[in-house]
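Note that subunit A is present in both complexes that follow, paired respectively with subunit B and with subunit C.
And now, the complex of A and B:
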């Protein structure tokens, strides 16, 4: 009994660890390939070099400034985009005629690759943080709008009818039915759009910037320093993972318990 | 002779269909009158427009033709405030506690008085004391129906519209709920219009059973249910008179069920 219990535990730990084992193995393969001459570290760099560089940047505080710039761009654009997307989604929902007029525009906005607008944003708003914020805003706005609008239209007809029979007016419906229902969709849109927000900011930084994670990557490319590119990507990914893990995923878990109907 | 509380006159309801085909006629030529305090069950095959009927009486929907009157007053365009409606599907707000769900109609109606105490009182009457702070998803299907019942009775509507409210429950829970409904009705004497596709349920509960035809729904025949009260739905099924009524009404219903089934098969 005890023995099989231990086996089960070992197996469970192995099961939980195996995705990480794959990552470790890939890193080892990369290291091995560059160490033994199968790949050129001048173009591919190597994990040990990248790790050393990451440590160096953290130790000297060099990275702080760049992380801060990108995070601020994302934070501002993301907040503004979420709020704007929410407002317009509610507007569309309560004024379906406006929604019908704007529908083709929204479809294009969603379908077109937004990265194309990056050069335009830089041209319009300069190489400072404003152009990045605007691009982030646009990406987050579109995702929030589409998710929330679709979610609002899907609010259970019976729940709405029931509230109306119980005496709810338009304002009661908004406050007690639509807004709480929307919260679930807003949080899920926030989860989807955080990655897109960083992508938008970094793409725009690649194009024209003087600081930020995207600038680091661009600088690494023009100076043929692949370890700069890798380390820059590492910090960008790390921020997204931390935000999702610490903030958005717990938020969504809290809200999702009422979606069981 | 006093005027019936609910009157339907030549009601028809057509829904525009997509892709430019003929509009879909849910019900037509419906004439029906329900007296104050009467318990009327409406039976008919699925898709005969039973729910449409209730929607038009509540004011959630409006007839294409004809008139709906409640207490002599025409229902049009707005939801009636003296109507309670129990739906087949769960309609509780999943993000509110049981207590808050029952208080909600009082909030919506801006009724004076102690909402919390009233809600607690009705939750006690449906046997849910102690569950006030639970959320709907933490309750069983039968308990959620009880909450819905409490949330309907709490604001004292004159008319109770019920759309197959117990059809999703298991048989035992369902019979329990039917008996509880009869008891609540005995105490309050609401006017009830109860839609179901279950003939036994209709006979066991109602004073009168109205049989609708298959689509489009019309009133085919009405039957007075002369069984004594109070009733126990578990036992009344075994009475001689119940069986006779069942046979008689089933005779009228059978044809319609067969027709509706054939139509459904034809549409694949």
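And now, the complex of A and C:
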């Protein structure tokens, strides 16, 4: 009995550790392949080189400025895009005729990731931070608009009718029914759009910038320094993962409790 | 019908505004170009055969990426959906991979796979993979366990179980994933072309950007948007049809 209990525990620990094991094995394989000459470190770099570069950037503080630039671009575009998306979604909801008129434009906007518009943004708004903010704004705006609009249309008719019977006007309905219902959708849109926001900012930086994480990657590409590309992407990925899993995912889980309607 | 007419009127009005604003001194033709210039450039591309050649390049990258990414995504999705040990090892990695800004990895892939076809195919496949993976995985996982158990008791095994029980339950999810994947595969090919290529729609747009030629950027983007938009509408129709014809038992 005891023995099988231990087996179960060992298997559970192995199960929990297995994703990490896979990552470690992949890194070791990469390091081994470049060390023993199966792959060319000039193109592939190697984990030890990339790790050393990451540590050096952190130690010298070189990376701080670039992280700051990218994060500020995303923050500004993200907040503005969320607010704009909310306003337009409520506008569409309370004025269905406008929504019907704008539908083809929304379909076109939604058909592809907005990062595709990066050359357009760079040409129109320059290689400074403005073009990145605008592109992030557009990406986040579209996602928020579509999610929230779809969510508002799903608010239960019975609740709306009951509130009307009890004498709620349009303003009371918005305040006590639609806005609380919308919160859940806004949080979920915020979670979906964070990845797209970073993608938009970084792709735009790749195409024309003088600082930021995307610029580091682009500089690594033009100087054929794969360790620069990888270390730059490491920071980009790390920020997205931290924001998504430590901030937005818990927020969304908690949000499901607010879901009264 | 009336709404269609109104939509056309709004679009025409916006185009007229775009064409007319610089004439009255608002906005600079250099930055905002004009619909007439864009349309005539697209017409030039069509008549010289340049458009078809470049669309063909991009479409090939997107289709290869779509096929490879879907196949791998389906295999991994099935493995994770049907086997607990595999799903415990891989799903956390897939969740993180799905959150990463993958389109930003284009320079790395170009450094590895070169300026040609393969780097864009890999980029498109890496984007498609996650849509299909999560479509298949969630489709199988969200299916009814009762139905699977009953089918097992009745002797359902292996492929038969997969084909008659798991697949019909997952089809809605798979189609939803596929619909997103098509647009994204095309966009991934275009973004890959921005960052290193010598042909394709993304190359046309990027070249326009380098030449500070807004007309060419607009024309290229318009072609991409029209293609992706049409694909989206078609796939939405197909999706509704497929869901209706493979109703869950």
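Keep this in mind: the second predicted complex is superposed on the first by the 244 of 261 C-alpha atoms of A that agree within 3 Å, B and C clash if a C-alpha of one lies under 4 Å from a C-alpha of the other, contacts with A are read in each partner's own complex, and residues count from 1 in each chain.
Keep in mind that, in the parts below, a contact is a pair of C-beta atoms (placed from the backbone, for glycine too) under 8 Å apart; a residue touches a chain by one contact, two chains touch by 3 or more.
Quick caveat, the model's predicted, so the values are computed rather than measured.
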Report task. Following the overlay on subunit A, give me a clash-or-fit verdict for subunit B and subunit C. Result -> fit
Requested in this report: For A:43, select first, second, both or neither according to whether it touches subunit B, subunit C, the two together, or no partner.
Outcome: second
Query raised in the report: What is the contact status of A:18 with respect to subunit B (first) and subunit C (second): first, second, both, or neither?
Result: second
Report summary line: Between subunit B and subunit C, the one with more contact residues on subunit A is chain C
Requested in this report: With the two complexes superposed on chain A, say which partner A:107 touches: subunit B (first), subunit C (second), both, or neither.
Outcome: second
Report task. Using the superposition on chain A described above, determine whether A:88 touches subunit B (first), subunit C (second), both, or neither. Result -> neither
Report task. For A:139, select first, second, both or neither according to whether it touches subunit B, subunit C, the two together, or no partner. Result -> neither
**Report entry** First, second, both or neither for A:224, with subunit B first and subunit C second
**Finding:** second
Requested in this report: Minimum C-alpha distance between subunit B and subunit C after superposition, to be given in whole Å.
Outcome: 13
Query raised in the report: Which parts of subunit A are touched by subunit B and by subunit C alike?
Result: none
Report summary line: Listed in rising order, the residues of subunit A that touch subunit C in the complex are 15-16, 18-19, 21-23, 43-44, 100-104, 107-108, 110-113, 115-120, 122-124, 195, 198-199, 202-203, 206-208, 214, 217-218, 220-221, 224, 226, 229-230, 233, 236-237, 240-241, 244-245
Report task. State the interface residues of subunit A toward subunit B in the complex, per the touch definition above. Result -> 156, 158-159, 161-169, 172, 176-177, 180-181, 257-261
Report summary line: Listed in rising order, subunit B residues that touch subunit A in their complex are 55, 58, 60, 79-81, 83-85, 87, 89-96, 104-105, 107-109, 135-137, 151, 155
Report summary line: Note: in the complex, subunit C contacts subunit A through residues 3, 6-7, 10-11, 31, 85, 88-90, 92-93, 96, 99-108, 110-112, 183-184, 186-187, 190-191, 194-196, 205-206, 208-209, 212, 214, 217-218, 221, 224-225, 228-229, 231-233
